[in-house]
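Read from first to last, the chains carry the letters A, B, C and D; within each, the first residue is number 1.
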Amino acid sequence: MSTEYVPTPEDRFSFGLWTVGWQGTDVFGTAVRPPMPAERAVRKLAELGAYGVNFHDNDVFDFSATEAERDERIAAFRKALAETGLVVTTATTNLFGHPIFKDGAFTANEREVRRFALAKTMRNLDLAAELGARTYIFWGGREGAESGAAKDVRAALDRYSEGLNVLCSYVQEKGYNLRFAIEPKPNEPRGDILLPSIGHALAFIGALEYPSMVGVNPEIGHEEMASLNYAHGIAQALWHGKLFHIDLNGQHGPRYDQDLRFGAGNVRGAFWVVDTLEAGGYDGPIHFDYKPPRTEDDRGVWESAAACMRNYLILRSKVRAFRSDPEVIAALAASRVGELSSPTLAAGETWRDVSAAEVDVAALGARGMGYERLDQLALEHLYGIR
Amino acid sequence: MSTEYVPTPEDRFSFGLWTVGWQGTDVFGTAVRPPMPAERAVRKLAELGAYGVNFHDNDVFDFSATEAERDERIAAFRKALAETGLVVTTATTNLFGHPIFKDGAFTANEREVRRFALAKTMRNLDLAAELGARTYIFWGGREGAESGAAKDVRAALDRYSEGLNVLCSYVQEKGYNLRFAIEPKPNEPRGDILLPSIGHALAFIGALEYPSMVGVNPEIGHEEMASLNYAHGIAQALWHGKLFHIDLNGQHGPRYDQDLRFGAGNVRGAFWVVDTLEAGGYDGPIHFDYKPPRTEDDRGVWESAAACMRNYLILRSKVRAFRSDPEVIAALAASRVGELSSPTLAAGETWRDVSAAEVDVAALGARGMGYERLDQLALEHLYGIR
Amino acid sequence: MSTEYVPTPEDRFSFGLWTVGWQGTDVFGTAVRPPMPAERAVRKLAELGAYGVNFHDNDVFDFSATEAERDERIAAFRKALAETGLVVTTATTNLFGHPIFKDGAFTANEREVRRFALAKTMRNLDLAAELGARTYIFWGGREGAESGAAKDVRAALDRYSEGLNVLCSYVQEKGYNLRFAIEPKPNEPRGDILLPSIGHALAFIGALEYPSMVGVNPEIGHEEMASLNYAHGIAQALWHGKLFHIDLNGQHGPRYDQDLRFGAGNVRGAFWVVDTLEAGGYDGPIHFDYKPPRTEDDRGVWESAAACMRNYLILRSKVRAFRSDPEVIAALAASRVGELSSPTLAAGETWRDVSAAEVDVAALGARGMGYERLDQLALEHLYGIR
Amino acid sequence: MSTEYVPTPEDRFSFGLWTVGWQGTDVFGTAVRPPMPAERAVRKLAELGAYGVNFHDNDVFDFSATEAERDERIAAFRKALAETGLVVTTATTNLFGHPIFKDGAFTANEREVRRFALAKTMRNLDLAAELGARTYIFWGGREGAESGAAKDVRAALDRYSEGLNVLCSYVQEKGYNLRFAIEPKPNEPRGDILLPSIGHALAFIGALEYPSMVGVNPEIGHEEMASLNYAHGIAQALWHGKLFHIDLNGQHGPRYDQDLRFGAGNVRGAFWVVDTLEAGGYDGPIHFDYKPPRTEDDRGVWESAAACMRNYLILRSKVRAFRSDPEVIAALAASRVGELSSPTLAAGETWRDVSAAEVDVAALGARGMGYERLDQLALEHLYGIR
C-alpha cells in the first residue's frame, strides 16, 4: 500500500470498543469471533494510529458483573489507555441489550425501567468523566414501537426530555465537563424509533431544559436507511451549532443496518461528508461506528478498522484537491454557488424593495446551472484522475 | 354505499385545487384530462361535502396570465366560493413549475430568482389574505440538489430563513391573519430536498426570527417515502405545538411520490394517523393532497375525492370505537401504556432519589408487554369485526 | 373475541418451529425468552387450531447434539406430533446459523463447506421424509456477499444449481415424496443475497436439471423489503406453476426483516395476497413465518401465533365477500377487467389482422378505467363496512 | 481534462435519443429545454465519440404526425446517420406517453388498446429493421396497476406473452435480423409494474414461444429502485445467456427514477457493473439511458452525455488495473474466490461420496474469508490511489 494515508493521533480518529469487538451475532447466526477485552481493543487501535475510543459501560464489563469484576475490567482498560496514550473521547450507556430494555429505557412504559436506565446512565457518566470523556452519547435504540397503541408518543417525548433533563442536572451538579449528543436512527431494532432523523433530534433538543448542553451524533448509515442525504443532514446540524460528534460508516440505502467500514458504502456520499466536515465547524473526533463483517477473523477486524481511517485520509486529500483546483473554482463560479451567500435583500432593504418586475423571467428560466460539469469535476477527483 | 360516512362541512375537509385538477402529466406521459378551472373544482367539491380549498396562485391563473386574465380567473373563483360557501382555508405559491425555479426559489443560487420568488409569494399572500386563508404553505419542492457541490447547504439555510423572515415581516406589517406552515419532503423532484422531514423543518423553524408564526404541514406520502412513521411524526409536531396543517394521502413506501387517495396506501398507518389527530391538539382542516390516478376520467376524479373524505370518516369511526372498547382499555392497562404519563421522578425527587438497586432487573426483563394482543385489537377494529 | 374466525386443521395453517420458538436475540440484544422444545411448540400450536409444522434440523436438536441427544429430541417431537395429530408439512436445513456458513452453504467459496452443507441437508431430508414432509425449503440466507470481488456470481450460480441438482438426485434415488421450494430474499443477513426475488428464483429453477421438482416459497416480507408487490409475485409464480409453498408475515417496506405477524404490516397488501391465494392454483399449507416481537413473553407468543391464523380467516371472509358482491362484479365489468382474459388476437388471427387504423385513439385515450371506484369497494370490504 | 478516456466508436457507446432530448417535463414542472430533432442528437453524439443510437418511434416523429411529417422526420434522421456514420443499434416503441396507453399496452384491459399497441410496434419494427437495429427493446412502463382488483395478473401475463409471441412471429416472417430485450422496472409511472426485476423478466422469457429470441435489457436505476444489486442481476442474466442489451445510468436507491448520468449515483456499484461487463459474455453496445437534469441548458446536456462515456472509460481502466494487480490476485486467492469454480462434487462423485464427517467444522468456522482486505484493494483502485 501507499505510504501516504497513514493515520496519526493528530488526525483524531476514534472507534467504539463495540466496533472491533463485535462478535458477529445476528438474528440468524451465532458469534463467529471470541469476545474482545477492552484493553486488547485499545492496544490494537493504538498500534493502528487511532487517537481515541468510545465505550458503552457493557463494552468494558458485563451487565451482570460483580463490583470486583467491574473494577478489574476498568483497571485493565485504564492501564491500556495509560500505556498507549489513547484518549477516551466519548462514552455511552448500553440501554438496549438486556431484556429489561426491550420496551425502551427513558421511554419504557414501566417507570421502574426508566428509573433503572437513569441510574445505569449516571453510574457510567461517573466513569466517563473519570476517564476524561468530553461527549456522552445517547442512542435510544429501543425507544420506539412496532405497533401504534403500544406507545403514547407525546408522553414518550415528555419522558425522553425528562430523562435528559435529569441527566443534564446530574452532570452540572457533579461538575463534569461533558456534553450530550443524541444519535438518531429511524428503525431497527424497533419497528419505528423515536427521534428517527437528525432533524427530529435537533427539534427535540430545542425543547429541552438545557439545550446548549445537547447536540447530535449522526451516523451515516442511520440517515441513509431513511434515504436521507447525510452530508445535508450534518450541514444542517452544523448550521444549528449542534454537530457534537459523528458516526462514520457505510450503508447501501434502506435495508438492515449494515455498519460497513467507512468508504465501503455510498462512496460518492462519503466524499461530500468529508467535504462538509473539512469545510469547518466540526471539532470533535473523527469517529467510526461500523461492524467488521461476520466473514472476517481477527486479522480482518483490524484490516477493516485500519481501512476506515485510511479511507478518511484518502477522501480528505481528494476533497482538499477538489476545493483548490482552479477548474473547480471556475466551475463553482459558473454555477453561481457563491452567490447563494449573498443575502437576498441587500443591506437596508425590506420586502418593499423586492418586485417581480425586476427580473427577466425568460432569461433566468433558460439559463443553465452548469451542475453537471461541476459534479463531473468532483467525480473525477473522487476517481483520482485529476 | 352505506348512508353513514357522508361528509359535511362540519367535518372540515379541504382539498388543494391542484389535486382534482391534476391533468396527469408525468415524466413519461402527457395529460389525460383537460384543465380544470378553479370554479369547477370549487363547485364539485362543495357538492361532495367539502368545507374548504387550498390553492397555489397558478392553480387559479396561469404563470403568464395578464392582469386582466388574472382578475377574470380570480373573480370566477371567488364567485364559486361565494355561491357554494366553500372556505379558502389555505394558500400557497407555485415556486416549482416554471423553469425559473429549476434550481429552487428561496434557495436558488441566483439572487434574482430568490427576489422574484419573494415577490411572487407576497403577491399571493395578498390574495390569500383577501380570500380569508389562515394558513400559508411553503413546500420547497425545488429547494435542493442532485449533486454535492451545487448547493452550499448552510448558505441555503441562511437564505431559506432569510426568505421566511422577510415574508413573516410582510405578513405582520400588512396585518394579515396568516401563519406559515412548512411542508417537508425528502426528494423528488430534486435528488435531495432541503428540510427533508418533519424533524428537519421543526428544527429549522426554531432558528427563524418569528418561530411562533411558523409550523409544519406534513404529508403522509412525503414522510413514508423516507420510511418514516407519519403518525409518530405528527405526534412530535403536536408535542412541539407546531402541527399547523396536514396533507393526507397514500403511499407505498420509498418510491416515487404516489399521492394516492387517503386510505389507499398504508392502511394500518392511516388508522394511527386518524387516532393521533383525534387525540387532540390539531385544529386545522382535514386536508387532502392526492392525485387521481392517470387511469381515471372526470368521474373517477370525483369518486377518488369523495373516497378521501369517506375513508377519513370510516377511520374516525373505527378509532373512536377502538378507544372506547373496554377490552382495549384493559389491554392498554395491561401494557402499562398510561404509566408512561407518570413522570419518571416523582414530584420533588431529583437524580439523588434514583438508584439501580431499587428495581428487580430479572423480573422486569421477563415481563411481557402485551403489545401483540393490544395491536390485534386495533387491527380488528380496523377490519371492522369488533 | 368473535366466535367466527376460529382456525381448524381443515384450514391447513402451519408454522415454522422457529417462529414461536424465537428467543429474541438480535444484533443489539440478548434472548428475552427461554428456548422452546419442539414438542412444546407442537402441542401449543395444535391447541390453537394449527394443522402442521415446518422445521429446520436445528429447531429440533442442536447443531452440536450427540446422536443420543438428537434421537431423544426427535423422539419427543414425534411423540407430540402423534399425540396432537399435527402434520409435518415441510422441512428445511439450518445452513446459516453456525460460523461455518458465514460465507454461504451451497455457494461458499470453500468446497469443504459446500460438501458439508450437502451432507447436512441430506441427513435432514431423511428425517423430513420420515416425518412425512412433502416440501423441502431452501432459504439461502448466507448465499451472498457484502462486496463485489468476494463472490464470482456466475460460479456461485453454477454451484447453487449443482447443489440442488445433487439433492434432487438424492431425493429421487431415495424415493422420497418431496419437492423443493426456493425461498428468495434480497438482503440480510448478507449485504446482497443471490436469488433476491421470486423472479430470480423462478428463472434459476428453469436452468436446473430437474426443474419440475423445484418451485418457490416466497415470503411477504422478503419481497416487500425490495418494494415488490407480493401478490403480483405469487401470481407470477402461479402462472409458471411454481408456487409450491408460502411464507406469510408482515413488513413495513424496505428496512430490516421485521417478520411481523400476518396482518400487522401492509394490510391492504395482505387482502390481495389472500385474494390471489383464494383465486386458486395454490394447494399447499397456509404457512406463517414470523417472529413474536421481543416485547412479548410466552403469552404474547401464542397470542401472536393465534392472530396470524385469525387474520387469515378474517381476510379470507372479506375476500370472498368482495368477489361475490354484485357492485364489485359490476365495477369489475365497468373496468373491463375480464376483457383481459380475451386473447388479443381472435382465434385464427395473425399479426396480419391487426392494424392501427381499427381503433379510435382519441376515444380510447379519453375513456376512464374506473379503478378508483373498484379499489374503493375493495377497501370498504377490507374496512368491514360493506 | 485528461486526454485519456476519450471515447471512440470502437468503444461502442450508444444513447437513446430521448436521453439528450429530454425537455425536463416532470410531474411538478414544465419543459426547460426546447425539443431536440433526432438529427441534431445524432450529429452531436457523433461529435462526442458515440457509436450508436437507440430510438422510440416518437423520438423521431410525433405520435400524431401525418405520413408526410413522419417521412420528413425519418429522412432527416437517416441523413444525419449517414453523414456521421452513427449506427442505429437498437429501437423501441413509445407505448406509454399517449393517454391511450394509460392502462398499459400489451396488458391493457381493453383489447382494442392491445391491438393498437401491436400495430404501432410492428410499424416501428419495420423502421428499426430498415435502419439496421439488431435489438428491439420492450419497456412496459404502463403495464401494471395502482390497485389490486384492477389487473388480473395471470391474465396480464397471458396477454404479455401473447403480444411478444405475435411480434416474434412477425419478425421471423418478415425475416428481420432483430432480437427482443425486455426492460424490467419495479414501479413508476405505475404503482407496481409487471416483470419488476431482471429475475421476473428472465423467468417470463422462459415461458414464451420463442425464448431464444428474447433476452433482457436491465437498467441500473430500475434494479436499484428495488434495492437490488445490478451487477449481481446482470451476472445472473449472463449466466442464463440473456443479457442482450444494457441501460447504464445512476440512481440513489429506492426513490423516484433519477436517471442520473452514468457514474453519478452508486459509484462503488458502477465499478462492479463495469467489472461484470468486462469479464465477458456481453457483446452489445454500451448504452446509456439517463436524463440530463432539469438544471442544465443545452451545454449541460452535452457535458453530461460526454461524461457518461468518459466515466465508463475511467471505470474500465480501473477494473482492468484491479484485475491485473498482483496484490489483488493474491487477495482473491486468499479469499478462495477461485475455489468456487471447482465443482462441489469431483468428477464421477455422487451424493454418496459426500459426508459431514469429512470436514473440520470448528476450523472452517473460525477461518476468516479476507473479504475486507480484498474489497479495500478494489476501493483503492476505484479511488485511483493504486
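Observations, loosely collected:
By definition in this document, a residue touches a chain if its C-beta (ideal position, glycine included) is under 8 Å from a C-beta of that chain, and two chains touch if they have at least 3 such contacts.
Note that this is a predicted model, so its numbers are computed, not measured.
Shared contact partners of subunit A and subunit C, listed by label: B, D.
Ranking A-B and A-D by contacting C-beta pairs places A-B first. Subunit B has its Cα centroid 30 Å from the Cα centroid of subunit A. Spacing of subunit A relative to subunit D, judged by their CA centroids, is 37 angstrom. Residue positions of subunit C touching 2 or more other chains, listed in rising order: 32, 98-99, 102-103, 146-147, 150, 186-187, 225, 227, 252-255, 264, 268, 293, 295, 365-367, 369, 371-372, 375. Within the complex, the subunit A residues that touch subunit C are 24-32, 96-99, 101-103, 141-142, 146-147, 150, 186-189, 191, 225, 252-258, 260, 264, 293-295.
Subunit B contributes residues 98-100, 102-103, 106-116, 118-120, 122-123, 145-159, 162-163, 166-167, 169-170, 173, 186-187, 192, 194-204, 206-207, 225-229, 231-233, 235-236, 238-240, 254, 268, 271-272, 275-276, 322, 328, 331-332, 335-345, 350-351, 354-359, 361, 364-367, 369, 371-372, 374-375, 377-378 to its touches with subunit A in the complex. By the touch criterion given at the top, residues 1-2, 4-5, 32, 224, 227, 252-255, 261, 263-268, 292-293, 295-300, 303-304, 307, 310-311, 314-315, 318, 365-373, 375-376, 379-380, 382-386 of subunit D touch subunit A in their complex.
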